[in-house]
Amino acid sequence: MQEHRTQGGPDSADPIIEARNVCVTYDLEHRDAMVLDDVSIDLRRGEILGVVGESGSGKSMLANAMMDAVEEPGITTGEVTYYPEDGGEPVDVLDLPTEELKEFRWEEVSMVFQGALSSFNPTMSIRGHFEETLAAHDYDVEAGMERARQLLGDLYLDPDRVLDSYAHELSGGMSQRALIALSLVLEPQVLLMDEPTAALDLLMQRSILSLLADIKAKYDLTILFITHDLPLVAGLADRLAILYAFELAEVGTATQIAHDSKHPYTRALLQAVPNLDAPTDSMRPIEGTAPNPAHVPDGCHYAPRCPLATRECHEETPPWVDVEDDHRSACFHSDEAEDAVPFDLSEVSDA
Amino acid sequence: MSYVLKRIAQSVLTVYVVISASFGLVRLLPGGPLDYLRAQAVQQGGSDLSMSEINARIAAQTNIAVNEPIYVQYADYMAAMLQGDFGVSTRYGDPVMSIIGPAIPWTVFLTATALFLAFTVGVSLGAFMAYKEGSSFDVASTGVGLVLNSTPGYVLALLFISYLGYRMELFPTGGRYASELTVGFNASFLGSVLYHGALPIASMALVGFGGWALSMRGNSIRVLGEDYLRVARLRGLSTRRIAMRYVARNAILPMYTGLMIAIGTVFGGAVIIENIFAYPGVGFYLIQGINARDYPLMMGGFIIITIAMVVGITVADLTYGVLDPRAKGGGSRESY
Amino acid sequence: MSRTDRDGDSGETPGSEADFEAVGDALGTPEQFTDEGRDPGPAPISGHARNGRVAADGGSSSVSEFQQMADVSMTDAERRRQWIDEKLLAPARIVWSDWRARTGVLVVVSYVLMATVGLAIVTEPSPNQGGYLVGAFRTLEYPLGTTASGVSLLSQTVYATPSMLTMIASGAVFTVCLGTAFGTIAGYKGGTVDRVLMIVTDIMMTIPGLPLTIVLASALQIDGNPVIIGILITINAWAGLARAIRSQVLTLRDAEYVEASRIMGMETSTIISGDIIPNLMPYITMNFVQQARAVIFGSVGLYFLGVLPYTSVNWGVMMNAAVNRAGATSSPAAFHWLLVPMVTIIILALGLTLLAQGADRIFNPRVRARHAETVASDGDDDATTGEI
């Protein structure tokens, strides 16, 4: 691990969750497989941070690690610190005792999963999910249900109808919104969203995103939005973090990433998108495949596919380069990236 | 509500079809039951019986008045059946209902107890196996489950009756209760009932629970991997609630079709088991009827068993409709 | 009953709704990552319980969302080859790799040998072949002992096999054909056809099978032809299968390739036999095995009761004779007479159960993915061909 990665806050400002050198490993047939490799990033209070990566890049792991929810037999190491509002004691998330971790999850940091339908117990009404969550956290159920109604209403759902339904009776968009409401019922500060719109059609995706912006403002949320869909999140997020093969490649503001990316991988992603508004399906593939977690290449993980790769790239882990304020790129050749991987910005219209 | 009505209508239709089919079998087949009964009547009554006397006798036995037009025969037959009049046994000379009626509770007792035991034990065991997945307990139970699942109930019954019944004389080898006891709610009578029912029930339950355990194990393992279970844990629900409302419920409900089939299997199996243990239930009389070519008794037994099964399945079905919200939505229920 | 496991029906959809990426997309199974030159090694997740869906999604995880287009470009020949590999070879490999299925196959094969070669080796059963009620394993001549009339039990058992196997096969074939026909037509056609067929099916399902068989056998006065008896035993067993098949068809009906055939104006019958049935084949196979077991249980049970006609001695008739002629349940001297046919059917049933268990694994996409490696590595793929 390199020094410069561990020092200070790589993203400064007022963090609400600070992740430092977070690794997630699995012991596979006596071979460690690293599915999140030394990731350090801050989630700043009140922002929407978009985390973009291909499927299998470890982006969900990042979200899971932030609430210590990596499933057995995965092992999470590193540090995750949560800073409560109004300067309360910082919380060492990975070290929380079971009982406190239970409270921390959902009351402070909550999560929305992809595939809302499968996130609900098929044999329990939506109301049951709200009530049991409130009860499990010793909240006042009546007041909590009032808030649930409010939340559902804010998400343009008919509260009574939805509460009395079962997941299978709701459309994809409806159940996804109900799941968002469920994740907010205990008034958390942070919402981690793991591909929350992947299963929905384009129109529904867009409308949920705009709802999300409203909800965030109204309930004072910080959101981590995970997706494989760079164009989708570019318009929504304040900042973007690009993950490739279990490690961070580039972090910057949405504009910086979309217009001035200094990492060959990010640029390849952007190149693959003809238009930021175009559906993901029409994207061109990037040559090659992502590496297997059990056989991560030495040096820069992207090196085998990178047009700029040199020997150095294959042998050493690239250092973080601060290319601009708030914009860092993990690449030996970040200054050459722009010329080597061009993409036509004229069609790109981001937020 | 309409779901309940539909379900009940379906059951009534089934019973109606079965009774009509029994009429068809008895009445219409050439060289079939009716001819046989006629020959039997002639044989028993001697040659001095007139044709009309024979017909009257057949009419009493089967509720079919052969000299009427066929649709009248059918209407009379159905009407009699609906009133619980299944004709007169040619072997015993008593009304079929008076023979089979008292036997019904006994068969229901055997089958329901066996099914209940097999199901509850199997499901608990299966859940435990899933919880201990991969352990030697799991492997051993899976093995035992497989072997029991491959053993027909009557094989077990024969082993039981010869070892525990005849050789070790631990259990009775026939009857429903010790004949000297007074029937009623007293301890010695109920004890005797359980004592006599133990082996028949055990032979039906033991071959069944392996199958339940295996499917429960598989289902639980599947549910344990479901997203909603993970979300439930993150939401901080108690282990108990997760085990009951999430795992158990979602693992048991898909076994519903299996339960329907099991009801059929257990009723079918009871016919054989009752005969092995000389246990006077409906199945016992059904076979008596067959062996004596006593068509009224046989048809009555068959119809009664069918009605019992239809009731069982309807109850199971309606309960399922209450337990699984997806059932009423239509269609999706039969996926398993 | 193990059928119940099979609801991962979305498992094979390419790029299907993603799993919790959690363990899943990061781990997948190694061979799915087409990183050439490295040995694939066995699948890593041993506690598969933890994440069923991951496994169910297996195949898709190697193909990143950025590459999905590649799937479209397969030629017909490739598709066919892949189909054969996936639907026939891979299952065969799976069956053989699993000890349960392997044992099952061996048991069934040995019974078939018994019914064919066995007849040439073992002498025909006849009265007074040997002493009366010789116990099992006492003499080499009558290894399984003899009956009360001195018939060799081994001979009797072996000579009963052909008719038993015929009966089993006819019952299973009857059930599977009728069940598949009803199920596919109802599921594919939908509407009124579906409703009517399902009402018929539901009625059949609620009639107790064995009592129905007994009554029909008695009322119809049929003879003991094993083919007919086999059908009679399973007279309403097809109904359960039809229901299960129907729900499978319902999910298949909307699959893209079926849709395509429909748009191309193909006949319903062509679609059913060309697109739908092949996809149900593994499932049907498994049911065939289960039905076979049901026929054994039913037929032996009813022969034991003595309520079915027969032309030659079979295992159930042997049991009946043991109990009724020698009181085998109460007399230890005759017990082997009862035990021999019982063990014979248990072994066969166990073999069939194991076979069904093995066949069940074919439906487990996780197991399937592990064996589908030829599909992935055979191709000329430069990492763009994901297996389905």
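In order of appearance the chains are A, B and C, and numbering begins at 1 in each one.
Everything below uses one rule, namely that a residue touches a chain if its C-beta (ideal position, glycine included) is under 8 Å from a C-beta of that chain, and two chains touch if they have at least 3 such contacts.
In this text the structure is predicted, and so the values were computed from the model without any measurement.
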| item | value |
| --- | --- |
| B-C or A-B - the one linked by more C-beta pairs in contact | B-C |
| Longest centre-to-centre distance from chain A, chain (CA-based) | B |
| Whole-Å gap separating chain A and chain C, where each centre is the average of the chain's CA atoms | 45 |
| Chain A and chain B, separation of their C-alpha mean positions in angstrom | 56 |
| Rounded Å distance between chain B and chain C, as computed from the means of their C-alpha atoms | 25 |
| Sequence positions of chain C contacting 2 or more other chains | 20, 22, 47, 50-51, 53 |
| Multi-chain contact residues (two or more partners), chain B | 226-227, 230 |
| Touching two or more other chains - residues of chain A | 71, 113, 115, 118 |
| Residue numbers on chain B that touch chain C, as the complex places them | 10-11, 13-14, 17-18, 22, 25-26, 29, 31-33, 130, 133-134, 146-147, 149-152, 154-155, 158-159, 161-162, 165-167, 173, 211-212, 214-215, 218-219, 221-222, 224-227, 230, 254-255, 257-258, 260-261, 264-265, 267-269, 271-272, 275-276, 283, 286-287, 290-291, 293, 295, 298-299, 301-302, 305-306, 309-310, 313, 331, 334-336 |
| Chain B contact footprint on chain A (complex, rising order) | 67, 69, 71, 102-103, 105-106, 111, 113, 115, 118-125, 132-133, 136-137, 166, 168-169, 182 |
| Chain C residues within the chain B interface of the complex | 1-8, 20, 22, 46-54, 199, 202-203, 205-212, 214-216, 218-221, 240, 243-244, 246-247, 250, 293, 296-298, 300-302, 304-307, 319, 323, 328-330, 332, 335, 338, 342, 345-346, 349-350, 352-354, 357 |
| Chain B to chain A touching residues, read off their complex | 226-228, 230-232, 234-238, 241, 245-246, 249-250, 253, 323-326, 329, 332 |
